[in-house]
């Protein structure tokens, strides 16, 4: 869409990128990690910030697509603990390969869009199909613009129902994620993140994971 | 210092035992006096200072909290005295300001409407809420005894009524898409509606609250006010009962007759 | 936020759209309207690629809600999102492609008249003027059925019998609480008929 087609304030959507490091920790050691993070991150004096999100992944396929064509994914999130908050659509690109792959973190395109509650019906009507869904429950921290999340993934026995009875925890460890969303071309962040991740080292190993190789 | 004095005293005591004479005893008494004088008086701490010296305090937040509440009370006192001086400029009052100096007079002067217990007010509000199906009324008490009644009328308007006992002190009317909450979630009784219609309705509601005022039967006053307010349900959908039009000066009929409750334009009343 | 009605004002034979807009603006000012900035409503249309059944996606913006973006499908399903949704549509380019020369917008002067907001917009499709749209919004009310008669009175003094009935897309929703998306649906209806008229007038390339 050309910039001129929009009202003045709507022009120039700066492309955003997500820098990501991931790891995991056993449930038994979660609290040790949380205390370490509390000391390292901002707002150490306030209590933990919790989140409880339901995420559904929607895919779109052309009716005539050839096999090699990747399905197109939208992730739709809803905060279960804040029923008034807007829903979000998140688009995540594939991991970028660049700079001889010397970058310390995974880098991928990222776009987060707040939208009205009817987003699921709307996407279905656009031709999307729900692929899978889960509930993520945990704690998040800030450190400057870095975001650290420690959360547990729950499988839904019946898709779409987020009732406590319908949840089944997945594995016996928590996911640990360190991420920053920033405009294009701020490679310095990767280094900062690496340094931060090193401070958590004995507890958890945060790594650059390319999901394609999994 | 004192320890040395005591040592000295101990020395004299042993000498006293040796000699055992009266003159020595008087010398000893004067020595004791000297010792006492050199120690000096115990420094007098206020309770709060003692608290701050308490080593356990490092683990509690008592001292800082006390300081804070002290500052808070001071500030409140200051603001209250400013408020009194401002409010005193207005000589037109429906009720007497309670004079704390003459407590005997106070009882005589207060109106029956102001002294009704909160429980009775709650009861009346609940009763009104049930009587009118298209009205939803709730009451809160953010600061002490005064109730703040919030009324929602269909999907037409929201009204806020501040009560002192059962006397209406303050009325504001806003649109259905507006709110009586400040950004931090507290009740906002001051701000006016952004719509001209509701600013006009607010003026009229204020007038009505005075008109329906009844010093002896406060319940009746509230009931008639609510009934009158309810007539605004058709604020946008009813034409003026005088001129038959919907708009006059681009405004709907913002007045409701006190008796017939019929909608009339402000201009058509005259 | 309030109830809006959008009407297409016919441009009589032998008069230009610009003249009609000027006459309408004069009329609003005679009524007591005060100029209050400009407005723009735009619409871009996307066609599905190789989807079965084929679908059309309209993306609309309204300067009255500058941080929002309205996505509307043929069925009338409407998604309200923040403006970054434009970016998502770009990522969808393998599935939804912009229809060429279908960009349409209505822009013009905005007036304030006590609690009414009046907008006189000239509609241009791919750069050429196609007609005039008049929007009247009554801000204090949120139920169209409540304030329709009152709006009709104002509308008729401005555009006469064009406003005899509520806009068709609003009619079934008169009793619902009004949302900004309902305004966008009205604009989309008008935009679609302007496009159809333009397609009829000139043969397809």
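Just so it is clear, A, B and C label the chains in written order, and each chain counts residues from 1 on its own.
The criterion applied here is as follows: contacts are C-beta pairs under 8 Å (C-beta built on N, C-alpha and C of every residue); 3 or more make two chains touch, one makes a residue touch a chain.
These numbers come from a predicted model, not from an experiment.
This structure's chain pair with the greatest number of C-beta contacts is A-C. Farthest chain from subunit A (centres taken as the mean of C-alpha atoms): B. Chain centres here are Cα means. That of subunit B falls 49 Å from that of subunit C.
Subunit A and subunit C have Cα centroids separated by 37 Å.
Note for the complex: subunit A touches subunit C at residues 1, 5-7, 9-10, 13, 15, 60, 62-65, 69, 72, 74, 89, 91, 93, 111-116, 118-119, 121-122, 125-127.
Against subunit A, in their complex, subunit C makes its touches with residues 40, 42, 44, 48-52, 55, 57, 59, 61, 63, 66-67, 69, 71, 73, 75, 77-92, 94-95, 98, 103, 105. Within the complex formed with subunit B, the subunit C residues making contact are 1-2, 31-32, 113-116, 138-143, 145-147, 149-150, 153-154, 177.
Within the complex, the subunit B residues that touch subunit C are 155-156, 175-177, 193, 195-198, 234-237, 239, 245-247, 249-252.
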